[in-house]
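In this document, chain identifiers A, B, C, D, E and F correspond to the written order of the chains, with residue numbering beginning at 1 in each.
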């Protein structure tokens, strides 16, 4: 299967270093302490944050820091063939690496004995859901008022038809040669999530890491704009109220 | 499939407002705090009550009242095709509505932090098991000495061949048009359990509710006779002892 | 299927009262408090002991003695057809009888509110795994320094081709007429594990019990030699250290 | 679906709960509701279909601050042995922990099971879908319709939000018959059931309760009706009773509101 | 199957337990039992067959105040790959929470699993049922015999009550061959195993222990014998030991009582 | 895989943990490790194959005091519908409670699942096994390769021990084709991936961490490479970050150590 055509364009018309369209919204749920929604290509992911709240049962409490529990879950109807409800092994692993990545950024030591629950619901899946979920999750953490060094943001790179490209779509993920989901803390450029499968030379890997980092810096801006948009609209509401 | 013949009789020869034979016994188990056994048509249902006893684990305790936990369970051999042991979704729902119906009658506020467990075992099933179980359960609660406003008692009504009838049997349940399991507190005629599926006009529904209520008042008498029979036989035993 | 030939020898060339080769090692694991390894015919079984340690959750604590929890587990690859991971009903029963047999020998009353966990892993199975595991387990308990009346030791007897024989192999277990796994406390000759299935007259049973007991006394020696070997090698190490 | 009281703050919570209950009963006895609605007034659902194009059908429903997403998947499968000439309908509800601090991850709670079964009965017993037209090969292969309801935000009355979402999603769902060389076709629809749920507070039946009302309700009643005004399913919930009068007042309101929603929200 | 001591009253319970144990050991050492029976005397089981006509076979057994209901279902199924010419026997025990304050709902406990497996072995290893006659089509379809044992009231010695109930229910069970166009037929029976269980108290082996005896027993032993007086299954239980003499005294009593029960209770 | 702190001794444990962490960071900053190794030095694995002759392949690996046993079973099964021309590979890890006081019986923990998936990816993504050659009948029957990894003794770095064990066991495994009338044959091998895992302590990347190092690590990184020096799988773990420099220093070390292990331990 050919994934790059003669003009160097990918099956969805993108260039090698081009992202799919991304839209982020903040504060989309009422009950949660913080929330966000992201559309990234065909991915639609909703995130809710609860906490810090007392960790339960007691033996899960950590005396020196908060737990950050992420729960990545795919809706039964989010994929082509219906997924049975409940966590499978893939979801357990993804939940683990997302939670660990967020822990790198949250000032967990400020909230000993508590848990910060991050619920990530994939409503429609289209390759790259873990990174989309993680990117939305750090926005939701800010929305919940949880102190962080910086937001976490990521983007996958990969290899198709022998070429390193950014942000694989579903077809590229299925038929490509390598996938590298990665996330960083933009301020320090530290890597907080990194997985990889496929086949890359050391040089290709370096190229992929650079591509991903550059894209992440761009997406970090989208995160900030989304947060800004929310606070602006709140400000407007308040002014409206004052004006009444 | 014809469920009512030319003479207006049903497949088992009953008239539209006729109940199947019902037999209730009290105090049939030794270990339980209260117990009862009901045969209702082909249904055979055994009920045991334990409690009030300390609710466990602790977080299930309610500071202002007792929990009433009903557990409806069908024996593997109670139905034509063997049922796998353990609760299925149907049993979970039936347990819930039975427990809620009993809670309407029990003075739960007298026993905070406790649980009253009601175990309902369907040994043979023949349509109407939930109402048979609930009817037997309130007798078992009295046998356990648990204070109640009144006993709960019920009877299903339904619609077959376009006619509203009382107490569907298995065939009528499978091939009829509507089923309305209902239970009341006889003293006040309040409705404590109500489910319905099928198709009924508002007028048919009214007819069905009336039929069910009338039958329930009759069955309430059977409950009382069963309790009386037990206490009479105890009295006789005691007198026998005194006479010795 | 013929299991004994004209010369009275079994399919693997053994005489009726002959054991398969047995090898026992002590202290084979680093993390566990005590451990042992047994090869018995084609059986390879590893045992680890942890404890006495506080029983958890609390409601499992016994105020007057330690719990002895055995967990018998077969590796997925230990048998011809892959076994799904996790305990099946057979493993639950075997764990129970092994734990009870060990409890007969351990001075459990010295460690109230604690648990002694005995993990038995069958790495390769070849008939007689429960007795091999139990025999290794009591060596591991000694290795863990847990006070016992005496070690528990066992050996199966059985009946093949109408004859009572010792220590069935896999073929004999599958096609024989009876199997009698049995374990004793050598010092008192009390029976602490006994199961039997098949068909034996009372006289055959007596013969089988005698065979098993005699063999157990012999295996008890192997247990002691294994322990001795460990302590000798420790002694040597220490002397080596002193000599340095 | 009731609030879970932590052991620590139980007594305080109990007191607040009592005060809330008293307050709501009082204003109801005076004829009003906490959010100003009339007793027989719903919060006005909005339905957003085709939210998940990858599914065979989908609908997002907002009912006050309650928000649910229903997706329909339609796949080939074997019929049940006792109904070889019928397609299969299966309904599942997920009370996502995202939606409320009181929802916990794990296998479906009794609340989630009841919710799924009540929605299922409204659809199944109204004969909304003609399952007999979903046979591919009698006794061997049929279409299986999966209704999956995800609760995203919880502000009371999940039964009505989910029922409406399921109906709306089914109305737009396509059977993927192109998989077997035929043309995709819409699900064969016979009826449109609408479910209306009531909280009994004091002796009033409040249509479409919000979370605050649900928390203090004495009893709950759901009534599903079809476009002919027939009752097709009912369910009483919670540990309180209702009178016959309350029952039929709820039935009448359900018939009325059902007509309204069928027209106004679903355009049918 | 042992009493569960609540954390609160542990020490009190422990003391009562100790006193009970001492008392029972004392009277046993004097040759008597708490309910006046002799050591080798059972409580006299009553068996009520056909209690559940809907099942293919059933038997209700009362043994003292212990009460169990065994039902047999016989259905068509696939044979195991390694026994293509054999029907299938499967045994399950439910320690219903109805039967005792110490039984909890949920998946089968180790006690329930051991109970089911010991009963199963008695039946399977005695070759009571000729499974080779339960083949419909070799390698493809066989009759599956489900033995389901429901414990309704618990007063000790479930192994014997369940074993007897299973045997009685199997003896009357009919294979529903009319499902496949043949005539229903009774299960093909070769042998009739009877299981007798003993509690060791002090150094006495008490046949058919009641709950009070079971609670303080040092060890438990079950012996199943067939009509020829052969031993077909045994199981030692609990964390105490038995001597070889105790074992064979129990075997002898089992053979004797088995004959008696086979004739008196089952009429065989 | 982190130590579990009991509620009782939490504060004491926390203090000890802090001291340990400080100490290890200090000696690392001075260029040394607690057991005297260099940062890029492994503990020197030993591999003992054919430990379980009953399995189709097996290997026991010791890495320091860590000990794992990997068994391969190869059975006939149905292919996945979307890969009818491919055999199946499935990987499972059991953190046996035998191996560590912190491992508990029960369903696989997230740690066990991650371990199995990381090992699986190294093997699958390197295309070590040519799954297309494991088809018996296209779309109907294929060989299923089960990799079961049993952790027997836990002294850190399970990922490398298990990966090496899986590779070694696969290298010697035979497909039991005699079951279907053909000759047994070795698994078709294309590549040999080796995984090297690092603990980040301070800002040092320590290859093949032992348990004490793992307990205080800030982050974990695993890199699998093939015989061409290509990277075939990676996984970052734990709640700390790594820099790009640290990443590539680890990649370089992995390539180097991979070559060494491939030759020295596996003889390839």
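By our rule, a contact is a pair of C-beta atoms (placed from the backbone, for glycine too) under 8 Å apart; a residue touches a chain by one contact, two chains touch by 3 or more.
What you see is a predicted model; the values in this text were computed from it and never measured.
Separation of subunit A from subunit E in touch steps, taking the shortest path, is 3. Steps from subunit E to subunit F, taking the shortest chain of touch contacts, total 2.
Listed by label, the chains touching subunit C and subunit D alike form an empty list. Rounded to whole angstrom units, the spacing between the C-alpha centres of subunit B and subunit F is 58. Centroid to centroid, with C-alpha atoms defining each point, subunit D and subunit E lie 48 Å apart.
Averaging C-alpha coordinates per chain places the centre of subunit C 32 Å away from that of subunit F. Each chain gets one centre point, the mean of its Cα atoms, and the points for subunit A and subunit B are 52 Å apart. Subunit D has residues 6 in contact with two or more other chains. Interchain contacts close the chains into one ring where each touches exactly two others, per the touch definition above.
Round the ring, the chains follow in the order B, E, C, F, A, D when counting starts at subunit B and proceeds to subunit E. Here subunit B touches subunit E in the complex through residues 29-32, 42, 44, 46-48, 50, 53-54, 71, 73, 75-82, 85-86, 117, 119, 121, 123-126, going by the rule given at the top. Subunit F contributes residues 6, 8, 51-55, 58, 65, 67, 69, 71-73, 75, 92, 94, 96-101, 105, 107, 146, 148, 150, 152-155 to its touches with subunit C in the complex. The part of subunit C that touches subunit E in the complex is made up of residues 58-59, 63-64, 68, 89-90, 92-93, 95-97, 99-100, 103-104, 108, 180, 185, 188-202, 205-206, 209, 213.
By the touch criterion stated above, subunit F contacts subunit A in their complex at residues 5-7, 10-11, 14, 108, 110, 113-114, 116-117, 121, 124-127, 221, 226, 229-244, 247-248, 251-252, 255.
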